[in-house]
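Chain nomenclature is as follows: A, B and C, assigned in order of appearance, with residue numbering initiated at 1 for each chain independently.
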Amino acid sequence: MNRRAALVVVLAVACALVPFFVHSQYILQVTDTALIYAIVVIGLGILLGFAGQMSLAQAAFFGIGAYSSAIASTTLGLSPWIAIPFGVLVSVAIGAAVGYPCLRLSGHYLALATIGFGIIVQLVFINARSLTNGPDGINSIPPPHLGSIALDTYQSYFYVAYGALLFSIYVAWRIKRSRIGRAFEAIRENEIAAQAMGINTTNYKVLAFVLASGFGGLAGGLIAHMTRFISPDSYSFDQSVIFLVMLVIGGSATIAGAVTGAILLTFLPEVLRPLKDSYIMVYGAAVVVMVIFMPEGIVGLVRRLIPSTESTPPAPLRATTPSSIADSA
Amino acid sequence: MFDLSATLQLIVSGLAMGAIYALVALGFILIYNAVGVVNFAQGDFVMFPSFIAVSFILPSVIVFGAVMHWQLPIVAVYLLVLVLMAGFGLLFNRIAYYPLRDRGWLPVVISTIGVSIFLRNLAQIVWGSQPIVFPGPFHVETLTVGGLHFRTQDLLILGVSGLLIAFQYVLFERTTLGKQMRATAQDRATAQLLGIRVDRIVAITFIYSVLLGTIAGLLVSPIFTVTKEMGGLISLKAFAASIVGGFGSIPGAILGGLLIGVVENLGGYYISSDYKDAIAFVILIGVLLLRPSGFFGERVSEKA
Amino acid sequence: MPAPILELRGLVKSFGGVKAVSALDMTVNEGEIHALIGPNGSGKTTTLNVISGLYRANEGSVRFRGDEISQLPPHTIAQRGITRTFQNIRLFPRLTVLDNVMIGRHTRLRTNFWMALTPNPITLAEEDEARRRAHELLAFVGLADRARIRASSLAYGDQRRLEIARALAAEPALLLLDEPAAGMNPTETDALVKLLYDVRDRGITLLLIEHDMNLVMSISNRITVLNFGTHIAEGAAADIAQNPDVITAYLGGPLDSGFAETR
């Protein structure tokens, strides 16, 4: 086992011990939330980081996963262990249905279609009262159980979220090293050349979109059964934007970047809370500063400072958009 | 049931709202044409000046938790706000765009997002979270002509927007500055070779865009309450409008805005008021799927 | 008797009202080096783009090994055995040289999404094979020691050779080259000539667009000359050099007949 793999394993084990050392409910809650957001951002990282396709609808799939799993475990009375995968299936199905027509578009057009889709989804959450209970949201979502033990504390739920995150990291990692991952990156780097090399770019883009929707849906199911109350407010365009910022700040087209960005930008507002009202302002300013001074994101910066076994440093994140919209029509 | 008088009234107020979308859309397009980036803070340039304006116009307003009575004449305030926002546009250009100008569009987008977050929350700190109601410059709220009721503010919006668009036409077609702006938007490298000071023109474009948003905000604030969220949905719909009209096209942005304004008004009345906000995006998605270049956009294929 | 591997009949491609290619007939024989030449704007790149599927023909037919391919999308055409390089190099800039070639091999691999998720013998074997072949191709084009470098860091001439290696990774039957020698000095051009001969000796048919007349005349078995989107001559290099229409349209003067004999 090489040095890098050993480091990853040590880190993974160390992180698993967090609930033993941290007892503050508040910190554990933020941690659990950060882990779940990391799953969303990994999904976005596959779509935007690997394949270069812009999407501002991650929050919509986050919401679709949350709502469909919540409805499954409340109205249908299913166990959360079934409801959450059900939420993933619904997200994936909708992702495929929406992705197929939209991914024939490129660049800004795709981004817009996803914006529009996301807004419509949120409006459905607000207005389809019979299904979603409207603005009042869904409450009394049951926690998952292990045998007779309810996983209803932030301590115990840590392991649910952490396990799901490890699973997500594994899947994303395997994709990245495979022919599929290479095809994604080829599409990002030069879509026309990718087609000329035999890659069916539309199908692969849809696949990336479906993966993003699946991870978003998984995270949604997890958050619904942790907070045990969901409402349409959380699944807005603004939230999709935050996920995007997390990916870009965390850095480049890597899984580590997605996870780092999510965790950092989930903790940052909490760290800034002592500033009281101005903390979000500082957050906004911090985003601008970080994007100016860290072109390759945090992970890129770290890799530059620490010599590693890789000979090619990660690249600044760039979506595949031609320099003008006219070129993409 | 089809109601003629309601429909006519809806069309007029729809055109007014559409004119607002058109102004904001123009702001997007001008920046996009100049630097290839979508400005995610555009909506906040609608919101922020509205707050500033109402602070000085209303008899009393809460600023930083304390009650202020500034009450200045409306026209003076509007002019003040325009000057202030022009300065702000310059600052925005220098801080959020200029350091990132060679780094591709995604970093700039993220930067504008940061500015947007900053502005919204600055607004919350200064003015609190309570929506502010601003009755507008007119003492008469509605005008009745031939049995139809029109909001005076809508008529003002239509009048001002019309003038602004005419002004812009003259600016771009007849003045040197306007031609330089167009040249820079079309082909930056060549413009530079022709001796045009591109960085300066870009800064001016930013300022102009911000001013368009400002005017839209000043015009629309009497219709909606002034809140930190007011710019959000307006700018997203304006963005949709610019795509519907053909992204990059100025007449397209105007027509797209007007179209969306009217259709969403009629749709909100005849189809569903709950989903009224969705209408703009349903149109957007329809256009994207059927005719991505919009009504006036150009189809250009990428060269091999 | 050499068999045709690619046949264009009555090909028309227009943009808006402008016909870039009109009523073009062309035949490329298997195992040969075939050049497509003509003045700027005569429709050469457009023709290549139609063959590779980037553009869809308005009229006419493109037959590859007897099958009609003119309405197929580019990735399908690549899967059928036609790959290409581009006039303005289209590498995958931030990926390594090796990865660029590995992507070229995409169509010959079978691993799908589900297989990628878990380690399995088929995937392991084909990835090893693909890596081995990629290294071999890099050695073939002379880039063996640059495998782990980012593609965008390569010198210009090396980038062109990488593009060729990438296009070869799919084991094509027909390789399209759009101005492979552009921007090369004489030393680099000689190296390119040798490389192209080596490619042909592997049994791959070459169709190239080129402006360098010495290169064209020395290596081509046959040449098609385009002007205003249609062909004005097609035949063996020696004949083309004497063709008066070609001389008038293209050069305005007699061709340099001191070309080397084709190997």
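By definition in this document, a contact is a pair of C-beta atoms (placed from the backbone, for glycine too) under 8 Å apart; a residue touches a chain by one contact, two chains touch by 3 or more.
In this text, all values refer to a predicted model and were calculated from it rather than measured experimentally.
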Chain occupying the middle, per Cα centroid: A
Chain separated most widely from chain A, comparing mean CA positions: C
Mean-CA-position distance for chain C and chain A (Å): 41
Chain B and chain C, separation of their C-alpha mean positions in angstrom: 49
Chain A and chain B: spacing of chain centres that average the CA atoms, whole Å: 31
Of all residues in chain A, the ones touching two or more other chains: 192
Touching two or more other chains - residue numbers and ranges from chain B: 301, 304
Residues of chain C whose C-beta touches two or more other chains: 54, 86
Chain B residues touching chain A - in the complex, by the definition given at the top: 32, 36, 38, 40, 95-96, 99-100, 103-107, 110-111, 113-122, 124-125, 232, 236, 239-240, 243, 247-248, 274-275, 277-278, 281-282, 284-285, 288-289, 292-293, 297-302, 304
Sites on chain A touched by chain C in the complex: 171, 174-175, 178-183, 185-186, 189-190, 192-201, 207, 311-312, 315
Parts of chain C lying in touch with chain A, wherever the complex brings them together: 52-54, 73-76, 78-79, 83-84, 86, 90-96, 99, 102-104, 106-107, 109, 111-113, 116-118, 123, 127, 148-150, 166-167, 170
Chain B contact footprint on chain A (complex, rising order): 101-102, 105, 108-109, 112-113, 115-117, 119-120, 123, 126-127, 192, 237-238, 241, 244-245, 248-249, 277-278, 280-281, 283-288, 291-292, 295, 316-319, 321-329
